[in-house]
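For reference, chains read A, B, C and D in written order, and residue numbers begin at 1 within each chain.
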Amino acid sequence: MIAIDYEELKISVNILNTTPTHRLPVELTERKGLGHPDYIADAAAEASSVALSKYYLERFGVILHHNVDKVLVVGGQSNPVFGGGEVLHPIYVIVAGRATEFVNVGGSLVRIPIGTIIVSAVKEWIKRNFRFLDPDRHVVVDYMIRSGSADLVATYEAGAKSVPLANDTSFGVGFAPLTSLERLVVSIEKELNSPRFKNELPEVGEDIKVMGMRTGSKIRVTIAAALISHLIPDPDHYISVKEEIKNRMLDLAVKIAPGFDVEIDVNTADNPKLGAFYLTVTGTSAEHGDDGATGRGNRACGLITPMRRMSLEATAGKNPVSHVGKLYNVLAYRIAEKIVKEIPKVQEAYVELLSQIGKPITKPQIASISLLLENPAEAESARRYAEAIAREEISKITSLTDLIVKEQVQLF
Amino acid sequence: MIAIDYEELKISVNILNTTPTHRLPVELTERKGLGHPDYIADAAAEASSVALSKYYLERFGVILHHNVDKVLVVGGQSNPVFGGGEVLHPIYVIVAGRATEFVNVGGSLVRIPIGTIIVSAVKEWIKRNFRFLDPDRHVVVDYMIRSGSADLVATYEAGAKSVPLANDTSFGVGFAPLTSLERLVVSIEKELNSPRFKNELPEVGEDIKVMGMRTGSKIRVTIAAALISHLIPDPDHYISVKEEIKNRMLDLAVKIAPGFDVEIDVNTADNPKLGAFYLTVTGTSAEHGDDGATGRGNRACGLITPMRRMSLEATAGKNPVSHVGKLYNVLAYRIAEKIVKEIPKVQEAYVELLSQIGKPITKPQIASISLLLENPAEAESARRYAEAIAREEISKITSLTDLIVKEQVQLF
Amino acid sequence: MIAIDYEELKISVNILNTTPTHRLPVELTERKGLGHPDYIADAAAEASSVALSKYYLERFGVILHHNVDKVLVVGGQSNPVFGGGEVLHPIYVIVAGRATEFVNVGGSLVRIPIGTIIVSAVKEWIKRNFRFLDPDRHVVVDYMIRSGSADLVATYEAGAKSVPLANDTSFGVGFAPLTSLERLVVSIEKELNSPRFKNELPEVGEDIKVMGMRTGSKIRVTIAAALISHLIPDPDHYISVKEEIKNRMLDLAVKIAPGFDVEIDVNTADNPKLGAFYLTVTGTSAEHGDDGATGRGNRACGLITPMRRMSLEATAGKNPVSHVGKLYNVLAYRIAEKIVKEIPKVQEAYVELLSQIGKPITKPQIASISLLLENPAEAESARRYAEAIAREEISKITSLTDLIVKEQVQLF
Amino acid sequence: MIAIDYEELKISVNILNTTPTHRLPVELTERKGLGHPDYIADAAAEASSVALSKYYLERFGVILHHNVDKVLVVGGQSNPVFGGGEVLHPIYVIVAGRATEFVNVGGSLVRIPIGTIIVSAVKEWIKRNFRFLDPDRHVVVDYMIRSGSADLVATYEAGAKSVPLANDTSFGVGFAPLTSLERLVVSIEKELNSPRFKNELPEVGEDIKVMGMRTGSKIRVTIAAALISHLIPDPDHYISVKEEIKNRMLDLAVKIAPGFDVEIDVNTADNPKLGAFYLTVTGTSAEHGDDGATGRGNRACGLITPMRRMSLEATAGKNPVSHVGKLYNVLAYRIAEKIVKEIPKVQEAYVELLSQIGKPITKPQIASISLLLENPAEAESARRYAEAIAREEISKITSLTDLIVKEQVQLF
């Protein structure tokens, strides 16, 4: 271990002497896709944060304090049937958190249209991402936002001039690269929710959950895909859509995970004899009783990775200026990715960052890096290189804010 | 790797060739204590599930379907001042989920008092666990519960007769043992929230968050403890309480983590010059803007462990009969604990369980066990022993249900 | 007095020996117009009832039980400024009540999409009636509806075959004709909210409240009209719009109330020096703190008439089949109107109907009619004629249901 | 008619040449008692206003602006059975309106604990007035209050120094005396809800609605009384309680309305053959689907009087300082009562008061008084006397504020 206190910045780089993930005998990973209730909750939180950030920036030149990282999606009730169906009770989305509502501009208070911003942002996200979920008829979007006190505003402006101060003591965790299994699971969901695929097989809804397990060189992928009831006239059609999904995803697997023996199951809970099919009116299981909450879905790498180091912080909805629960997680993945990209001998990299409340976000309590090397002999140079990458990336952390507001960073 | 398909039960035991956690150069862990908004959300969810389970058991002899694992705690507003203060706006608790509301008993529908059960359960939990948070004046407890369909009830009864069927495809993850750092972090929170401690230092509120970092043999613990405003007349008293916490916890650290160089910081965000103190009227930061959500706090080992394998599933609020997101996480920790207890040569054990929806919960898709051994030569016997333990524990999984309802299992 | 028990129908006709309203020394009346928060609450309730009725009719051939006559409109927050402004927090509309959600059709339960019906109905009403209030961005439409029990459905069907049974013991009250003052107050609001007027003077919002007072031959009308902020660049423009309203309404008064000395005041609470103007972003005061509730606005004659006999029952939102609180009020006005129209010697007619719960709605406990005659000598023939009219109208009460569902009856 | 403009105060006194109400052939009146959902809504609104007023007075010496006159009571769900039963879903009470939340005291903002005040006030009212409705288990009390702007506070203080200014253009209406029918209806409800009666016949719940009809000298009173299920073991007991109510109320009628032929019906919708009884677990029909709203129940005389002049303004929940919708209604009844008490020759008196927004509340636009005299010859002296009474009472209007806050004025 090397602990370097460089201008108060402590970076620890450690060489891990262990088996890389892709060679472990068992590997598990999961992705909750676009229409999954937890994904909706994350997306609603982040859409709210982005909209608030843009509004603040446009009017005041800075992103004011907010944290809307607690969204609850309460499932509705629906009645899907082959060839039709309807929503009986709308989905209920509650955006909870805090946002600066009053800004002192030259002595007079300016009010921010918090409510309109949040309600519109959530609805617009739904409109952009669903084909059959109508945010105005099938969803009630509500919010419970407390405004920051006048003091908060002042403090904020003070901090905004220089490097923002960490708002909390919390950590960010990241790793790289993804294994074949992980890339396959991400790719399957993204493919199934791509415009091209939706165009060719519109029966496939947006709510797609992909569970991947690898044992040795055998991969088993379980896909739960909500199908669209009004586009599927009967059970035969339903079964043919499932077959099509399976076949296309097997084709994809050949490209993404060559050399593996891949098995794909779709909607395994179906039971045609009992009339059990995974049909939805709108494309999401949230329409009938499935609830969602921010922070319960994918990490910033797009996956849930129970066998990897992981943070529990929700990245979605937190302000992208000073909230370390957001920035440090994004940053940790970035550092890990850059390390494995730039240092060829590194097989795997893990990064943990721990903030200290009230200190500049460029000064974590610690940045801990762990490396798996192909050749232990190259440890020393890898260490130095990795540390240099981390130091540089940490120093540029404030540039993430802009990328996040422009929605150019994957958060979940 | 050994993959054993024993009566359809696939158990994989793998020997990990890596550094045990307690010898890693850097270690991070965190516990969100009793009064933390996320803990309240977990506790409200679980109190609701336990109360429903007891009601169902008493009336029908079985625990009927429910899943109330999405609780949102929306922070209130308060006005704490030295020697006083008041709650301005109550905390808002919304319990979301599903629960069987109608039961067909001999042809006639019996209705379950879902609302009264849940509201009472949450309020009683608060009454039992807080001294200054009055659930009837400082909290609005609401719920958004959809009842299961009549079919669900029927299916449920069918399943209840034999081994329950997994309600989902999801995984449970556990490990053992805790490191010194982890035990210290848990112990500090439990000590600070113990009746004895509260008796001696009543100024310490229930909302305690403990962040632990170890670098080599140095441990740094950061405690955020909400202090009770009406018991603290002035800043001097406040500072003396902080000192007392620090000193007592240092004494505790000598017992729990001997041989480490321990530093403890309390309420590091305080800034007396700016009048910034961590004061609360009720003992929880939820009284002023801090929100919470189920599943965002501690894992079943009582900690958030970013550098360990971890599940994202919330254990709280799920039904303890068929919900693998609850049972498999509890079980994974139990298996790991039993392995390290009964097989002395095992330094660390990790367990992952993956369910398959619709199959008996005694038949996971896979049970994956990873062991760190002191002596690699003993791998074979350790494997066999560990596998036997796993097989036995999995076969007894249904006994967990009763323990959970009796609140004898740590879930968060 | 004559009390006639005709086939159990007791009709009392009484000759009032008093001064007709238009000759009283003082007269007061008020109309809350289209965009007033209480009107919105009435309209949201009625739109919900009509939409439910149509859905029930279309699917089942009968209007099933419902009663959604408790709508709460919680005012939002806005920030109107000359030439612009925005909604800060949306208006919150909660539709409360009961509606049949499950229908037993040949042994299987059919579910009604209560939620979608109500949310859509309220939003569509807003879209049809406002130009600048966007139901999807400026309003959160929620509902709290309990479904009727299975028994209710059955009972209902039984009743639907013949004359419906009164659902409650309550009364309906009506009178005719309107006085000049009353007609003027109604006409002013309807004119200001007419498409033609809006076309010519778009600055005038939908929230118009008209208060009328007559002392002797002098009429004073106070109009509170929400003006649209983004259409009004400055105070001068604002004042010119007020002048225009005043002048046009004085012209109208000449036609509606010739022979009266009419004074018209517009937005009397304005105080230009203090910057107080009645500006709104959306056209309704509900956008900034003004709340509304069903049943707190106009009676079925379109007015609040404190010096006339009046029912407190809300007509809006009640089911149009068996709810006497709706039907008897509409019917009472109809009978009164027919009496004054067909019996020229009747100067004024008052009608009260009292139902008895569980009895056919064609059998009120009493129908009480009071007549003011120009010539007392004609009492006997007037009585007989009035009674005959009442008897006929009561016997045709079930025809009102259809008219109400087609929105051809004024309810508020 | 005499129109007197006395110091800007216009009082019109008119002699009505008509039949007094008690001699009309038909008379109808109704009282919604203590536990009726509309009464609960009124009481919750007023309890909130009184609690706010007291808090403001205690801290600031003046009652600050508030208006919480829109309460929605959403019925719960319950399951009453002979000898038992339970609440399934709590009643939901939402207090909507506005209240001053920030007060500028010497340059620093003091916050008012609006939420705690309102929630506590409503719950305490329930505790004081119900025996079996537990506000903490059977009711969810919520609120949607917007705070007044900082300007409002300032304006208010300015007004508080002298006579308050009318906050709106609205009217108050009152009359006196009550007829025998009216007194009987009020007396029956008050008797049934008296501590003595509850002590003797505890089976009678708090939700009592009394409908009274008089035709000639025949009075028919229909009582709907919610009975308490757990105190009534079987239908026989139920029927005996109904008999007891009937007999006792007939005794009361002999005292209150001697000389009338009184018939009393209790719970006429009961149908023992179909198992239909009016049973409740808690004493109010709000426990099972019956909703309530402020302003939909009794007028300030304690009755709904469809055949009398009546205001639609809710008195409950409005601030008792400047809200004419509250003060003018109370005052109108007071003036009418004083007139009939002090001027023996006046048979009936009606009073209407119309405010003008922004003017002192002691200066209504008009005070209109109508008198029925036994002897028309005494008109002139009656007029002068009545006018003097009105003038004096109007000048003392600010004294009502204190009486209202002390709950010494009947409002509904």
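Operating definition for what follows: a residue touches a chain if its C-beta (ideal position, glycine included) is under 8 Å from a C-beta of that chain, and two chains touch if they have at least 3 such contacts.
Just so it is clear, the model here is predicted, and its values are computed rather than measured.
Identification of common neighbours of chain A and chain C yields an empty set.
Taking each chain's centre as the mean of its C-alpha atoms, the one that lies farthest from the centre of chain B is C. Distance between chain centres (mean CA atoms), chain C to chain D: 23 Å.
Chain B and chain C have CA centres that are 55 Å apart. Spacing of chain B relative to chain D, judged by their CA centroids, is 51 angstrom.
Within chain D, residues 77, 89 each touch two or more of the remaining chains. Because contacts link each chain to exactly two others and close back on themselves, their graph is best described as a ring. Applying the touch definition to all chain combinations yields A-B, A-C, B-D, C-D.
The touching residues of chain D, when paired with chain C in their complex, are 1, 3, 10, 12, 14, 16-19, 24-26, 28, 30, 69-70, 72, 74-75, 77, 89, 92, 94, 96-98, 144, 146, 169-171, 173, 211, 213, 215-216, 220, 222, 224, 268-269, 271, 289, 291-297, 304, 306-312, 314, 350, 352, 354, 356-358, 365-366, 368, 370.
Residues 76-77, 79, 86-90, 101, 111-116, 119-120, 123, 135-138, 140-142 of chain D are the ones touching chain B in the complex.
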